[in-house]
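Starting off with a structure, shown below.
Per-chain numbering from 1; labels A, B and C assigned in written order.
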Amino acid sequence: MIDTELLERLAGLSRLGLSEKEQASLRKELESILAHFQSIQEVDTEGVEPLTHVLMDSGEPAADVVAPFDDARARLVPLSANHREGFFVVPRVVEGPQPGASADHTTVHDADPGDEDI
Amino acid sequence: MTADMRWRSVIGLEVHVQLSTASKMFCRCEARFGAPPNTLICPVCTSQPGTLPTLNGEALRLGVLAGLALGCTIDPSTKFDRKNYFYPDLPKGYQISQFDRPLCRDGHFKFSTEEGEPREVNIVRAHLEEDSGKIIHPEGVNFSLVDLNRAGTPLLEIVSGPDLHSPDEAMAYLQELRRTLRYAGVADCDMEKGGFRCDANISIMPVDSDTLGTRTETKNLNSFRFVAGALQAEIERQAAVLESGGTVIQETMAYDPDTGKTSVLRSKEDAHDYRYFPEPDLPEFRVDPAWVAELSAGLPELPRARQTRYAVDLGLNKRDADTLVAEKELGDYFEATLELTKKPKETANWLLTELLRLSNDRKLPIHELNTTPARLAELVNLVASGGVSIQAGRLLATAMEEQPGQSAEQLAQSMDLVQLSDDGALRQIVEQVIESESSVVERYRSGNVGLLNALLGSVMKASRGKANPKAARQLLLDTLDS
Amino acid sequence: MLSATSIAARVRSGEFDPQDVTEEAIARLQERDLEVHAYLDPDIERARQLADRVAETLRRGDDPGRLAGVPISLKDNMAVHGATLTAGSKILEGYRAPYDSFVAQRLIAEGAVLLGRTNLDEFAMGASTENSAYGPTRNPWDTDRVPGGSSGGSAAAVAAGIVPVALGSETGGSIRQPAALCGITGFKPTFGSVSRRGLVAFGSSLDVIGPLAAHAQDAALVYDVIAGHDPADATTWTGTRPSATTEKADLEGLRIGIPEEFLDEAVDSRVLESVSTAIKTLEEGGAITKVIPKGALPSMHHSIPVYYLVACSEASSNLARFDGMHFGPTSESKDTLDLLARYCATRADLFGPEVRRRIALGTFALSAGYADAWYKKSLSVRRLILNEFTALFGDYDLLAGPTSPFGAFKIGERSQDAYSMYLCDLLTAPACLAGLPSVSVPCGLARKGTYKGLPVGLSLTGPAGQDHRVLAAARAFEAIRGTPERSPIHGDDA
């Protein structure tokens, strides 16, 4: 059911960073689990709407009123292991999104964070 | 022969528009451009463990309004889905978006080409989603910086059908779309602030064929200039590929405005598997048809309708109608003034000349000038009634802007710009001229009627330009013929 | 140990000093936790500060609230502003929550003294608390055995008599199963009765917070405090929740069905024996009980696959935020200059094996080409399960059965085979999938067999929104049966 290639794809999609050995054992485990789960394929669900929420009401949107989180930068940015001058620091992002990442991003070039009033 | 003559291009656009809400889509952080980095963030939009989204009702309202302006169907309920992928500007590791039940679908949107040819595109869907943060690449270092101020601000993604057939058409569609959304009060569509961003799907086929070619997607076109350049470049690239016997591959392209060329960003093998599934943290939301009807009724007149009305009903020339409609504020200003003057052409003229000049000189948007529509109407009416000349009116316009406490008439008086139209003063001047120019009068009376203009000139001169030429002419005729 | 109800009453009346009550609880924690390892962080300073606050409120002559001075421990997957929040994972080591969960706010507002952060299976994924990255918790009845899980720390803390009540969270059985294995009451409210704001998400459409308590009355009291609509959790339902504390505890005339599907062949015979005795107790209280022949809940048979597919799909997305970029530690083991390497190193090094297994399973179930056959299919079967329950509640007020197919098993006994651990949820997952309120009450100790002398839990499940009736039935049951047996570590201290 799950071949090496599929497992590699899954590990890549979920950024699990598995070694070859780990991939091999995880593949076997998933195979075994899915074999137990195979029984649901026999259930007749023709015309049965998938149940995504067991909710008692429909949603009530919130009012568009700004409620700032006080001192946000000082309280939140330092929770990250890598930060400087009020920014989160991440490994150099290659121009353009990488495979597996979306493309709906704007990048700003050559900004000098040193100019920011921090 | 250019590529456009041998190939027919098929273009569909996906436009991301930032909705004009005060707070973000799923938390109540302020949604604002230009704040210091990471100051408009909270536990929700930084994806702290245990946080949950709450839908901004205004984003929903604006999304519905946009859909109505684009002629879309709005279903009686809507839901959200998660789009899963990793990227440092997406702290949750997924984007809350809408997958199989967009807020708006199946719209029809009309626009005109530069040449005035009417066109229509299908709006396949328009859905709500949250924006990502911003990544900054400082020079000379091996890291990037992330600012999450923008993360979670509301976007509407508007997907057109593959109904556009040239870069020019695509541009005309985008202009009309932008102006329509601004009119509807849905979005500023400020491209410089990333409020209006475009991805383009492009394919080409031989002009005599009706089989669609393989399409590519060109990402992140963040100005009108880039859109035009990227579409042209990609059409030419595809044409060159096909003409050299190659095949176009379905892949994602990036446009480099410096070189004016498109290049491959990633191939189809890297195609995403976003693993969309219903957002379990948000229930379905009712979109009450009665509420939608109410919003529809409250939708302002949209630019295309307004333009047609100006040109057809008000008889303005196309250029003036275009200019007045380009920005909603200008059109609204025009409407308010027109209400008080009932003189469309004169009102348009004064607005588009003097008021725009004042606006430029003072570097103020037109609705922030001292000259309100009511004051402009005073001026238009004063000129139209012959109270002042057109030349005097121009001087008066500047004066009115500088002295907002004074009415047009008061200023005309104090600046001695009032035209002589009434019998008394004007008759006196006319009689003086007839007396002093007796030889000319004699020649006129003996049949040289062309000399009336010479006499009129003398009257104008004697009045130091203040005589109302029309009244003066009539008075001259009356006096000479009596 | 006194019940939360009587501690609160005596603190409010001035008979007890909240600071003394707190110090006694701290002393019990420091002594007994050496044996059970129920706590990841005792967080004693916070408890003392909260006790001081209650004392100050009393000095001012104000009412400190319904939980005045009651020491309550929270599972370490609920945010308390400034406190650790590990979720049992290395990937949150050292992280401190920048905000309060809804339940923490409610408890503090009612005068509760939050004492410590309890151990759990990493990200609440497990049924034994062995999956904690910080070592397993031990069952106070037998420290060679597991307390169940994933709220094993909370269950053990109560069973050891450290605190009268603790909060746990349940996605597929994580409150009721450890409650059963530790001989205490555990209540899983209706989905959406209690806000999830501040609960580290596992399976968002299933996750619920609820109390674990030595006495059913205390579970009801804490439920009353934490239940309610929260505008910040769009999945909490609006409207008031009737009080579970004041609801009449009476079994008279209650129609209680026992679906034969709950008496599955996988259920240990001595567990069944205890449950049969408990059903007689229900009858003594006036309940009309009836075994419902097999066939009423035909889809329940698929609960394990459906539950794991749904929960893991959601988890694969919920756990994407743990990538070392915006909060929490990051692995330095690989080339951290590369984005992809950083993601992978952090998630490979800091997630445990069960978490990775479930992320992979969920990613599979949602991935292109498989989502229809696995994710969507499981959701359709989930609806069938809900429909079957709904039909049964036309004829019955409550459904009864064993909470867990077996008693507390040995540490290591099931941890080698993932699927055998998954079977722990056999009888609890159905109510989770249907979002129903369900309580596990202690119903004595197994008399013989593998689990001899170990606690057995009786499960009572009601229709959605009837949380107060389910808890009232638990109170009535306990009233008839008498105070539950206490673990050796708890002993007979008052």
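As a convention for this text, a contact is a pair of C-beta atoms (placed from the backbone, for glycine too) under 8 Å apart; a residue touches a chain by one contact, two chains touch by 3 or more.
Here the structure is a predicted model, which is why all the values come from computation and not from measurement.
For the interfaces B-C and A-C, the C-beta contact count is higher for A-C. Comparing each chain's Cα centroid with the centroid of every protein Cα atom identifies chain A as the most central. Taking the mean Cα position of each chain as its centre, C sits at the greatest distance from chain B. Per-chain Cα centroids separate chain A from chain B by 37 Å. Computed from the mean C-alpha positions, the centre of chain B lies at a distance of 57 Å from the centre of chain C.
We define each chain's centre as the mean of its Cα atoms; on that basis chain A and chain C are separated by 26 Å.
Of all residues in chain C, those touching 2 or more other chains are 95, 98, 205, 231, 234-235, 316, 320, 323, 325-327, 337, 339, 343, 363, 367, listed in ascending order. Looking at chain B, one finds that residues 43, 46, 48, 54-55, 84, 86, 88, 142-143, 146, 148, 273, 275, 277, 280, 282-283 touch two or more other chains.
Of all residues in chain A, those that touch two or more other chains are 9, 13, 15, 52-53, 55, 57, 59, 62, 76, 79, 82, 88, 90-93, 98. Interface residues of chain C, counted against chain B in their complex, comprise 77-79, 85, 87, 92, 95, 97-99, 101, 196-201, 203-205, 231-235, 313-314, 316-317, 319-323, 325-327, 337, 339, 343, 363, 366-368, 371, 375. Interface residues of chain A facing chain C in the complex, by the touch rule stated above, are 2, 6-7, 9-11, 13-18, 26, 29-30, 32-34, 36-37, 39-41, 43, 45, 48-57, 59-60, 62, 75-76, 79-82, 88, 90-94, 98. For chain B in complex with chain C, the touching residues are 43, 46-55, 82, 84, 86, 88, 91-94, 142-143, 146, 148, 273, 275-277, 280-283. For chain A in complex with chain B, the residues that touch the partner chain are 9, 13, 15, 52-53, 55, 57-59, 61-69, 72-73, 76-77, 79, 82, 84, 86-93, 96-113, 116-118. For chain B in complex with chain A, the touching residues are 16, 21-23, 28-30, 36-43, 46, 48, 54-60, 77, 83-90, 95, 132, 134-139, 141-148, 150, 194, 197, 199, 219-220, 222, 252, 254, 265-266, 270, 272-275, 277-278, 280, 282-286.
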